[in-house]
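Okay, so subunit A shows up in both of these, paired with subunit B first and subunit C after.
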Partner chain A sequence: MTAARKLGCAGLGLLYAAGLLADLIAPGGYAAQDRDHPSARPTPAHWLGTDELGRDRLARLVHGTRVSLFLAPAAAAIATALAAVAGFASAVVARRAGQVLTLAFDVLLSLPLLFLLITLRAALPLQVPPWTSLLITFTLLGLLGWPSSARIVRAAVLSSRDSNYALQARAAGLVHSRLFAVHLLPHLRPVLAAQFLLLIPVFILGEANLGILGLGVVEPLPSWGSLLAELHNLDTLPSEPWRTAPALALLSAVLCFHLAGSRHGESPA
Partner chain B sequence: MTACRHTAIPAILLLAAAAAIPAGPSELRFCLRSDPRSFDPLNVADESSETVRYLTHGFLVRMNRRTLKLEPSLAESWRVSSDGRGVRFRLRSGVKFSDGAPFTSADVARTISRATDPALKPQAGDALRRDEGAPRITVHNAQELTVAFAAPIAGLDYLFDELPILSAHSPLKDGAGLGPFVLAEYRAGSHLNLTRNPYYWARDAKGAALPYFDRVRIDIQQNREIEMARFRRGELHFISALDVENFDRLAAVSAASARDGGLSLESEMLWFNQAASARLPVHKLAWFRSTAFRRAISDSIRRDDIVRLVYKGRAAPGYGPFSPAARPWFNASLKAAPYDPQGALQRLAAEGFRLQSGVLRDSGGNAVEFSLITNSGNRNRARMASLIEQDLARIGVKIVIVPLEMPSLLERITRTLQYDACLLGLVGVDLDPNDQMNMWLSSSATHQWNPRQATPETAWEAAIDRLMKAQAVEGNLPKRIRLIHEMQRIVREQAPMIYLAHPHALLAVSPQLANAEPAAFRPRVLWNVERLAPIHQPEVARVP
Partner chain C sequence: MHPARQLLIAALRWASGVLVAGLLAALLLYAAPGATVDEREIDPALGERTRARLRAEAGARPDFVSYYAGFLQSALRGDLGTSRAYHLPVTQLIGERWSLTAAAVAEGLAAAWALGLAGALLSAGSRWASPPFTAFSVLLLCLPSGLLAIAFFLARLPVAGILAAAVFPKIYQYLRNLLDQAARAPHCLAARARGIGPLRLLLLHRAWPLWPEAVTLAGVTVSTAIGAAIPTEALCDVPGLGQLAWKSALARDLPLLVALTIAVAAVTLGVNSVASVAAAAGGGRRWRS
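So, the complex of A and B:
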């Protein structure tokens, strides 16, 4: 493991630990309003100060970490699984059928994801608890976010299928099913792992965008998206730098995921 | 040294702003949040279209948005008959439309006929159309005419502040206007350019032709942050609606530019869905139809906290359908609803509700829980909803906040009626109570909590119907005020709408703009647009 990957893993470990231990780090909870101390500067009681409603910013950040860092990988896993199945299928079926499937990926890619999410969210029942709403949001991200990865998987399968080693295996009399199971699938594993790691920050940012539009996580539950939406007032950031904490957390997470997923500098196995 | 630097920085900013507004033909610049939906002057329903109409068309009279008194405009004088059924106008002579066509009584007569045509039903004639039939228009001569209605109309002359006068004979038809500017260019989603109307009739005290500006440039800009940045760069002369945060930011760097116009006519409120046609569970509909339940919810919300935390003090607690700025209609004997959770629980107990282990339950054992929809992307409403959620948790009520895109929200509150409660705002455009008629009549589609009732379903709604209809034909102002005050008392007592706050009108006005008299009423800065002037123009006659 390279130093970069170690750094990425360590950073992710810290972030996940913060999310898991949110209740210990901020026992006051993310929704408690100290209305006598709104927009307070950092104090020993509120390390990152309070927001406009007097809610502890640190509590909201660590609970938001739990939301974003646990649900984004779950959504990425859904999307990667769908991409693996669809990409693999499009590469191994008959040529004409493969082209139709590829066309379907392109059509799905061309659909405005945000519009779809807004429409689907509006169609859902209103009386759903915030956590359910959150699960729905990330599930939708996972269900709608796989086509670009499917194209990459298809390209990887086609490349492997036409490689010299596959040709040699076929010449040696290996049946198709065994060829795919023994030779092609192992070669796909790094591709799928990379797609999984790449999709996590994409979905974190996707939820952040929905949050900025007021469509992601609903009040009072925090997420990095809803916390980032509070950064619109850039003028006050120099005098209140602690308000940048959610942006720094998101940046760190994205960086750590990339470092952890990077194989650069590693010698081949 | 420090003092020098402090004075030098604003001076540099002012110079930069002055430099950004070029000399030569003067241009008034501001932004609209959306494209105008209509250029038909008689069918204007959105703020952008209304702004363009205000700039390009003339009106018989104009309400001074500061004094709230009517002032002569195209009519140099007018007299309302003693029975309140008619008004006789004397028009200015020598006035021409923007294409040079003369302006006469025939133009006014044709405009009123079109506006009150029951077949066309244009929006601008809503207030003038009566069940009793179209008004009788008598043209005495080219400069005088009388408009007579079958029944008295309260505040009759004020209704002509909203009716743009169109040409009866101009080859340009509705394209010819009597306003200070003429639409020269429109690019959808980008901008509108207006040029000075060469035939505009008004002159200043020194006899100079108005308007002072040669052109108007209106950019379509949805993003408030970009609009603010452009204003601060000196590219815009004003912003007619700021949120509190942007207002405070501006006040911190340029106190002279940030103008608090005082309490506006706007209201923020929530209401419960009481429509029988809504597919709500029976127990929920029973809660929402219970006056005690609605009053208990109202009394459990800390409006002072909403004013303090959401509006940073730049609002008044919600009193009722009329903001305290809406004088003389506001019923000053009403006080803002008290914060009284204990009283609320007693009220609920009398209706069979019980607080058990921190959860409020009705007599059937159902936990009191409902969803509150509001439009997404509105920070103030999101904060208000969070405060309400915490306040109601104190009496054991659980709410689920659901932000929805505006079209989805409108679909639910106007068509499908699939919602429990809604948090939204009402933009009051007109001071007159008739402006709210559609909301209060039980038969109306915008009688929000229970629309389109064939007959009033409750005695108090029937009473409000009677009061609103009576005030609409009451010519005696004190009597009319009493009717409106009584209506407000009933609304307070029954709480079909739970009013939360009346925000201030917050604006940004560039120091480079002379004669600006921003008001709390729309159009806030533009109401005296012909007298607005660039500050560098030396021959500007300042309004005393």
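So, the complex of A and C:
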């Protein structure tokens, strides 16, 4: 294991621990208000100060960490599963059908993810309870983030299908279903694992962009995206640098994912 | 394959891609929750009879196939509908704003390509240049474009710079990887064995043969830059298409949002098709030579 990978794994371990122990670190919860101290500077009682409603920023940050770090992998799992099915199907169906599926991948890939996200998010009701908004946000990420992975899965299946071992298996009389189940699917596992790891930071960033634009998780539920939306008030930001803590947490997490996954598959680009 | 045939296939792929995007967009308009509800129904100034008429009009919808056919016919006439939030024709709204976004995207892409290409060449040619460029690109890759927009806005840097910062890491890392792979290619090993100088080797034998891949990447980066334009224009208050998309999403102005999506699909698919044809032609010539 390289030093960069160890560093990434250690950083992720710390962040996940903070998310898991959010209730211990901030037993008051993310919505508890200290109405006597709204917009307070950092104090021993509130290490990162309080927001305009008197809510502890550290409590909101650790609970937001839990939301973002646990739901982005869930969305990545959905996207990876969809990519596996779509990529596999496009490679094994008839040539014309495969071309149609590839065209659909191309159309979805040509559109910027954020454009698709805000279009579909707007098609759904915006005034929804916080937990519903959370579900909608991460489900949309999972449902829209698969096409690039599907193309990679398709290429991997085509490569395996035309390989010498597959040719030998076919020559030995192996039926197609068994060939795919026993020989091709196991070869896809590392590809799918790499895609899963690559999609997590993409979805963390996607959720953050949606949150900054006010189309992500709604109040009072915190996520990194909704916490970053507070940075809209730019005038006071230089005099209140502790408000950038969610941005630093997000930056650390994405960086750690890149470092930890650097041995898997392609480079982050 | 003959270039004319390649062009024809690219044009057909573009047209079918836009048709698929239109189909998905029409489906979205047709099936979105609340699509059959007219917001004027909650206007207290309207009487019960008017509201009943609005409900009847909204409820009497054709089946989806007829709806999509009508949608396509209107789109081909240049009528993309009327914005629910602005009460103006969608084509007029897009026409007023596209030039701002196009200028910002063009400037951003030019800056990103200049920096990305220079960074990749410097990093490939000198081991000392690689760490700062790589660190800078990884840092930018870890930030959402919305956050980049906030940082650039605070630093009073131009909008095109945000788009450049969002696109640069992808260009740099992709080109850098390609240049590293090219260094291990047999033709480069042969060139080095013949005593060709490092600069000539880098520019002529490693970088130049990669231009078809670079052209393909150029097509992809247009899509990335347009995506980054949404938070950038929204947060920096630039009245371009990105801000229009954001405002229409907040107002659930689906006709406008869908028209924007089709327009973006047409542009990005078109750019990618041209890039693919150019890359295929260049690749063919490269291997023939």
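What to note about this one:
One rule holds in what follows: the second predicted complex is superposed on the first by the 225 of 269 C-alpha atoms of A that agree within 3 Å, B and C clash if a C-alpha of one lies under 4 Å from a C-alpha of the other, contacts with A are read in each partner's own complex, and residues count from 1 in each chain.
Rule of thumb we're sticking to: a residue touches a chain if its C-beta (ideal position, glycine included) is under 8 Å from a C-beta of that chain, and two chains touch if they have at least 3 such contacts.
Keep in mind it's a predicted model, so treat the numbers as computed, not measured.
Contacts of A:P201 after superposition: subunit C is touched, whereas subunit B is not reached.
Residue contacts after overlaying the shared chain place A:V107 against subunit C, while subunit B stays out of touching range. When the two structures are aligned on the shared chain, A:L255 is found in touch with subunit C, with no touch to subunit B. Of the two partner chains, neither subunit B nor subunit C is touched by A:R170. When both complexes are overlaid on chain A, the residue A:A247 reaches subunit C alone and has no touch with subunit B.
Using the contact criterion defined above for the overlaid structures, shared-chain residue A:H232 touches subunit B and also reaches subunit C.
When both complexes are overlaid on chain A, the residue A:P38 reaches subunit B alone and has no touch with subunit C. Once chain A of one complex is fitted onto chain A of the other, the partner contacts of A:V128 are limited to subunit B, with no touch recorded for subunit C.
When the two complexes are overlaid on their common chain A, residue A:G54 makes contact with subunit B while staying clear of subunit C. More subunit A residues lie in contact with C than with the other chain of the pair subunit B and subunit C. Residue overlap on subunit A between its contacts with subunit B in one complex and with subunit C in the other: 118, 121-122, 126, 213-215, 232. Residue ranges on subunit A touching subunit C, taken from their complex, read 103-104, 106-107, 109-116, 118-126, 201, 205-206, 208-209, 212-215, 228, 231-232, 234, 237-238, 247, 250-251, 254-255, 258, 267-269.
Those residues of subunit B whose C-beta lies close enough to touch subunit A in the complex are 225, 245, 249, 252, 305, 308-310, 369-371, 373, 376-379, 382-383, 385-387, 389-390, 400-405, 408, 418-420. Those residues of subunit A that touch subunit B in the complex are listed here as 31, 33, 35, 38, 52-54, 118, 121-122, 126-130, 213-215, 218-220, 229, 232-233, 235-236. Chain contact summary for the complex, subunit C toward subunit A: residues 13, 16-17, 20-21, 24, 28, 32-34, 137-139, 141-147, 150, 153-154, 169-170, 172-174, 177, 223-224, 226-228, 230-231, 234-235, 245-246, 248-250, 252-254, 257-258, 260-261, 264-265, 268-269, 272.
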